[in-house]
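Two complexes come next, and they have one chain in common, chain A, joined by chain B in the first and chain C in the second.
Let's turn to the complex of A and B:
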């Protein structure tokens, strides 16, 4: 009898160990959603080099960068972008090209306008769809440089900032001035600046990614409501045996579902709640038992599932703003 | 006690003290010479694409051994400590970012830094002639030698990533 129970115990141990090993290897195999990266010349570079457009909006004159004009005229910027793109591709992050992206958007707009079905149907496009048709990336490399003169010498001041497009945080950066030179051409000094600063920049980017894998992806989440919604965010519900305000229930759900319960409710009213520094896990287990990568939209979809069930039983729209921001609009789909 | 006996004892005592002090410093020197953290690096400028150019010092009893040590130190600085900025070049972070990587992957690095080992693959260009002047200093117990070198930094990083020693920038994506 003793032998049988010992055998059972050891085989149970083996099974548990195998299950743990399989789950671990599945987690290791899962790939997180890769952020897209694009070099965008800084506003200060475009405006100080006259690559800008003037607009009057609501009676206020605004100056905005004209990227198309800049890409068509500025050889130095093209050189810097090409160099950066080559280095980043080598590090496993092929960059989105701003110039091509702008061309694609123009082409897409023309195609959307021209495309018709066999029976004459046109593509439906809401004002929001049109607004969303802009050059986008998850991480923006905001680039600024200036070729300066000091007597007979040239030198380059260089400023490269990595910006998380959704949290608006600077996640990496490298800046400084190169050595002055009398003989080197400005283009050579610029190339030297890119080579000099990129390793430092990538080191900081790596720190950001390491933090992301350890503490979760930082996203923004907003709850809003359509006018047709049956309740506002101060309404009270019986939830898990307690009577709580809708907003507090959302807080409790986030605390349970965020990595280490980390999130920050920055603002709220009866019509909206704004969360920042929401640390969502990089992976979740799908219904088939596989680890799948998640982003803000998938995380918001899980919240929508909660709201569709009693006691809320309400339809919601999940509005995606890239990998790192999602809105849950309560009341309608 | 006779005065000559006193004098003899005093001389004996002072000899022992001096010998003891010398033994201590020799021991310290040995530790210093053998320390794997003793990298002195001065950046010479921005290298060609994918390379780093700097001067690094090595310690050894003989000049030739100090040159070999300097080459090892140059590669080790890139892997474990990073290279400081200077002469128009920005600082470069260490390739292995995990703390105590040297100990975690001890077997790998023992073979890597063995005499004539793989580390030489990344030392592209050095002032391999016997350094002179300020680059060859006679210090107690040996030489401190400064060698200017070009390290193939990108190749080194890629090989360490391929061997699973360093983490790729896109790892996990």
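Let's turn to the complex of A and C:
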């Protein structure tokens, strides 16, 4: 019979050593814009446990997770999230709590609806503002687990993926099964399974952060245009003594401003250009001479400044989608 | 004889003046009429009704009379719908709102028509539709032009066409 306490003690020692190694990098990361991390139960876990909602859109039925219902009914998942949050907090990355974030969003929606100025004015809220009122994080820890039976013994299989919310890349992963036991309660089995793989998971997460410092933050950038824009993206301009298409000019600008000139233009048309794997610096020098942390929005603002000058002389809207993605919509603000 | 003729003429003139005066004093009345068949929820229907009544009142043609000769009918349809896989999920709808000022009798023709496109979001389709309908700005230049066009078309009709429809006789209706 497995002695769960001994395994836990051994695993804790490994974790403490990992914490020391990670701390050095955290000190540097503390000055930059730190990504937020949140544990989100996987779609398969929610839907297979009947925590789901049905929607019909354009005649197509869709099934999506109902996170609120899951949080209100599933003690095992809440326990798993608590354990994981404690482990990550020890490493200097306090997680955003999904359940609390959902409650905050509901409270915010009610307060926005109720708030009124002294002269009777109400808060202006466009459909896009409401659309953005969702629980967000830069790194999603997608968690799925299942309590299995092998004869009289119970054991846990789990799948933990660290996903970059913007690039959709898996930056860390841990999957496997915990040790079977006839006596341990499901929550103990779960804790043992998670802890036994967590140092490998954190190692990969750390590699991601190290790469971000060395090679720049990887973001996505999209250019779009409003109908009122005076030109489309196939228009030609005289830029730095050369006649180039608008899209090629943007490519040249990215080559100059990205870390090591690294970016990837994945798609383009007369109305949109999509860039992925755009490596932006973690810091830039502000007008006052200070090093300030930047994200995709600040990077896109620099592009907007370029487009406001001749030969383009066009205003743009910079639409922020968190730390790692921004849209530049050409034509108006 | 002469006295009788002059009395008769005076009576006729007075009657004609009264009729014209009645027409001149009674403003054009446009009643908001919801379509018979609609997929909108009750709450959405009430919101549309309220907005359209505000629109007609703002433009000086508001009426709650069931026998109003002219009506404003809103036709709402969902053009596009999207669901976001977020926490919580959000549904986005794009509505087409067609407003028609029509003559209820006679030729039953449409006198003016305008189409608006509005978008809304919500936790489900019903909430998204309500949010979209709340975006309708009854003071917008488009709706003002539409109402002016409707009033102009009504003004071009013969005077008798603008009189209310006679109320139906309900004395023999069994309850």
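Operating definition for what follows: the second predicted complex is superposed on the first by the 303 of 333 C-alpha atoms of A that agree within 3 Å, B and C clash if a C-alpha of one lies under 4 Å from a C-alpha of the other, contacts with A are read in each partner's own complex, and residues count from 1 in each chain.
The rule is short, and it goes like this: contacts are C-beta pairs under 8 Å (C-beta built on N, C-alpha and C of every residue); 3 or more make two chains touch, one makes a residue touch a chain.
Bear in mind that the values here come from a model prediction, so they are computed numbers and not experimental data.
The superposition on chain A brings chain B alongside chain C with room for both. Judged by the touch definition given at the top, the superposed model places A:98 against chain C, while chain B stays out of reach. Look at A:135: by the touch rule set out above, it reaches chain C but stays clear of chain B. Shared-chain residue A:321: touches no atom of chain B or chain C.
In the superposed pair of complexes, A:62 makes contact with chain C only, with no contact to chain B.
Legend: residue contacts after superposition of the two complexes on their common chain; A:34 is shown touching chain B, with no touch to chain C.
When the shared chain is aligned, no partner comes close enough to touch A:284: not chain B, not chain C.
In the superposed model, A:127 makes contact with chain C only, not with chain B.
Minimum Cα separation between chain B and chain C in the superposed model: 26 Å.
Across the superposed pair, chain B and chain C touch chain A at no common residue.
Residues of chain C touching chain A in their complex: 80-92, 119-122, 124-125, 131-132, 135.
Here chain A touches chain B in the complex through residues 31-35, 90-93, 174, 176, 178-179, 192, 195-197, 199-200, 202-203, 205-206, 209-210, 213, 282, going by the rule given at the top.
Of all the residues in chain B, the ones that touch chain A in their complex are 45-49, 85, 87-93, 97, 153-154, 167-173. On the chain A side of its complex with chain C, the touching residues are 40, 43, 53, 55-58, 62, 64-68, 98, 101-102, 105, 127-128, 130-131, 133-136.
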